[in-house]
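Each of the next two complexes has subunit A plus one other chain: subunit B in the first, subunit C in the second.
Up next is the complex of A and B:
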């Protein structure tokens, strides 16, 4: 598409006209890069400044005088236990909802078309519903089950199970669109040879699903790590706080110390930023469904 | 499930044999049951709670039902202000994000170098938690933060404001930050749409002598309709539940100028223990979401996209 417009400009414009056009294009792209990165940039410069440097220099200015890593140490020691909690929750939540999604999407291919559509409409709507519509019952439900009375970590287990349940719909939909593109001949042949559904899943479907597992795992990891609302409603014991909750608490207790707040925000975001940089393609795929 | 199976058999006796159906049950039934319980069971329970008038400590009384919670909404100035703000946020956020996202997509789609780097940067905010972005933007909007510093730097210092304190700017400040976070998402949706337009459509328009502007306006934008619809649904539904960002910035009580239904619901239920009223506001939010999702799910179904 770009070629066609470029060809056109070559026909009508002079060479310099074309060049100016490209310069303007890259100028606009770079200006936008500046705009998109500016909140992170001002956060990063501030996170390395002493309180004095923070007061006397603009956020545009890199930390040259009054450089310190104290904000990172303060925020890091405040957030460390919550990072551990987040990992303890997010790994089982992401793995199990992806696995459930894959099993469900595969199982549904053996169900009559009407039954499939019924389940899929339910799942599609579940991806979009505002979670506010379930918060009060969710709290009622878990206080009736009372895992938190059984074990001090019970709340964290409740939160993990909740995330698994709410992650299943999107994972199923992602896997289903992928399974529709799989070659069905191999599966049919195995079926005629008398292989059970479980065996076909283990031997054929699961190995072929690995690229989609990457997409769903990354999607769920980011979603669950970044969640705030479910954690806010389900966790009451500070020692069970996940990192988003603890970061919010840190912001409240360090209201005037932007350096510590910014360092804390970066620490809390680091796992998702790393995943995003390493697996950008898979992340984008999950977003566009 | 039994009745579902029977209706399936009746409607379509030849497909999906019974043995397949039973053998496949262990695969899809556990997850489906979990979703039915946690999502749909909870939604139904929430509707019931909204009719009980439950507030304060103790448990809801499921023997007495009342419409009182819904009746008091129109006369609750906080609720009405939240509803207005929710609609304003929804319209402004969705509209501007789509336009910005389309602009980004058109720029990125011009056979540029380092395309994936540019894409990665524009989409980066989507990978961040709202708690993180709310903290970054609180600092951006602070009196010595980047925005006022830049305004001073280019001689527009008189424009600087108490962005997060002044009721006139609070909601707009939130909307700008959310557009920053979501426009990259719109960009990738539009990019996927742009790349699925067949090349000969451009060729044909070029032969007809259409100008670049006309080419975009007449040929390209209309073909992006399904991208626009998909992104609009996602953005509008998100706008309804944009809780985290406002809560982290302003707490449970952002004031009438920035209150939205998602925050009002949380405050009524979890801060004031007006559980039934909170549940009723949640029902309103759910109904609003349904008016957006319903037609979308139906058209997807009609197009055979499910």
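Up next is the complex of A and C:
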């Protein structure tokens, strides 16, 4: 309340100065928006152009002549199986890493035992391990286990498990900061009510963590869906390719067809945007908590 | 039913750097069946820790907690037949009032569903929250949440109730109202209760028995009136009573107590109670100081009125011995007795109302004498 009245009085005091300031500010902001959006925009226009229109017009020019949806259909049919693979890998990976993260964080905040700090430090350190550092041992490890020899889909399971393991530390840290704000008296009340550790998690902690689950699920979904490196190292059979790999392969097979590539890129990015829209409200809630 | 005993219960917290902090030091208490014990003391005195040890939320470092004669030190909280109301109420925010109240019965008993429903509804009716059963805690006022928290404890039908500052989140008016209600409820249920508070008014008004803690050590256990009129030491004397007792550092010179501003003559009987202690503290309750207009005996002193706080039924008058001094002591007088700031009055300090403490140890050497009629015997 107080700030709005302050703003008003300021406005009347220095109205002209403020207006110039505003114009400059909005001008700069618009220029930035344009700069950021231009690749996206030109990608979108390219995806609707025929090969000929692509070659003859500037990428910034809207597709007026030579407009087509063929690139979308081609890219869609090329990427379809990889999209299915991606979903089959990302959904369990995101859900399980969030769940394990939540369980670990519960154990690290609301349960008393010795050596907690040491374990927490391990998780914190794990958050900062770069993908590149683990590529070789990771490949060696899965060769030893040999899931891909057991089943043709084994590689995809390997990739899923890798992402679950890699996601647990960051999910744990996210959940931990949330559980630290959760009233300990709630847990104590439940203990007095006779609930076991597992029941307390199931009946009290889990239902109260739903906003945080939205946060971690969005984060993990985006992270795992967009991963290229682990997939590249672990997947060798084309039928197991996830969408990021297949998009890359698309570039190889259709060397110059940028329209198809652009359409493919948009299709590949679509699920992460949908997840944001789907869980966005919960996400905002979780962030303010 | 229950009687709960604490024998030399001690709690030592070990900090990360190896420092040991004794939060509760050899506290011994006994609570009989149906008794309302108030554990009172300033913040950090160990009262909540004591309660949490009884609840089983903290381990006991030393000593024993007995319920009906059997030691429950290592029993899990749920196995102790104890229900607790938390300061924050700790209502499960995602559950309705009904679910909150039935959760404990579902988790720790094999009671059939219909019986749980009936028990919850009975308790809700008793507390006047039966129309709130399907609401969530967030939709309730502080007072209503407080009742739900009580209801959650009542449905368990425990041997002992533990209440941890349950009224501290309510506004003053509601607090006074809930105080009476809690007392009535406890009498109706007849369940032994330990009530933790830092508010001496709650302790005085609600307790059958008060236990006063300071720095983890038990200072005194007694009825409210015993603690008020016969404090065991300086701490109890200063903690119980509002406004607090006035204290004056005095030295003894034969049968006279000498203060910088006055000398107080003692009768030989009073003086004989002091033993060989010489460095003393003289205490007098504000309501025992009489303001007079004429100086007529040895225990009257000329003073100046510094500040008057009218309370309506009474006035708190802050007095100084010297017109320029800022060292005040307080006298409580009748609300209709008019005094002006700056006025000079005679303060009479009757000898039968004074308390004398040893300054070094704080121990009470002499407490006020009381007519037997005014002592705690219930009068009908």
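Just so we're on the same page, the second predicted complex is superposed on the first by the 256 of 289 C-alpha atoms of A that agree within 3 Å, B and C clash if a C-alpha of one lies under 4 Å from a C-alpha of the other, contacts with A are read in each partner's own complex, and residues count from 1 in each chain.
To be clear about the criterion, a contact is a pair of C-beta atoms (placed from the backbone, for glycine too) under 8 Å apart; a residue touches a chain by one contact, two chains touch by 3 or more.
Every value quoted in this text rests on a predicted model; they were computed, and no experiment measured them.
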Exercise for review: Could you tell me whether subunit B and subunit C fit or clash when both sit on subunit A in the superposition?
Suggested key: fit
Practice item. Figure out whether A:151 sits in contact with subunit B (first) or subunit C (second), or with both, or with neither. Key: neither
Review point. Touching A:183, do we find subunit B (first), subunit C (second), both, or neither?
Key: second
Exercise for review: Consider the C-alpha centres of subunit B and subunit C from the C-alpha centre of subunit A, and write down the angle between them to the nearest 10 degrees.
Suggested key: 90
Exercise for review: With both structures superposed, pick whichever of subunit B and subunit C touches the larger number of subunit A residues.
Suggested key: B
Review point. Is A:238 in contact with subunit B, with subunit C, with both, or with neither (first, second, both, neither)?
Key: neither
Check your understanding: Is A:203 touching the first partner subunit B, the second partner subunit C, both, or neither of them?
Key -> second
Check your understanding: For the overlay built on chain A, what is the smallest gap between any CA atom of subunit B and any CA atom of subunit C, in Å?
Key -> 6
Point to revise | Complex contact set, residues of subunit A against subunit B | key: 1-8, 25-26, 28-29, 32-33, 35-43, 46, 55, 58-60, 100-101, 103-104, 106-115, 117-126, 128-138, 140-141, 162, 164-166, 168-169, 172, 196-198, 201, 222, 225-229, 232-233, 244, 247-248, 251, 258, 261-262, 264-265, 268-269, 272-273, 275-277, 280, 283-284, 287-289
**Study point:** Residues of subunit B that touch subunit A when the two form their complex
**Key:** 4-5, 7-9, 11-12, 15-16, 20-21, 23-32, 34-43, 45-46, 49, 104, 107-112, 116, 118-133, 135-140, 142, 144-146, 149-150, 153, 180, 184-185, 188-189, 192, 194, 197, 199, 202-203, 206, 212, 215, 230, 233-234, 237, 240-241, 243-244, 247-248, 261-262, 265-266, 269-270, 275, 278-279, 281-283, 285-286, 289, 292-293, 297, 300-301, 306
Check your understanding: Which of the residues in subunit A end up touching subunit C in this complex?
Key -> 183, 185-186, 188-195, 199, 203-204, 207-208
Check your understanding: Quick one: in the complex, what on subunit C touches subunit A?
Key -> 55-57, 76-78, 82-84, 86-88, 90, 92-94, 103-104, 107-109, 152, 156
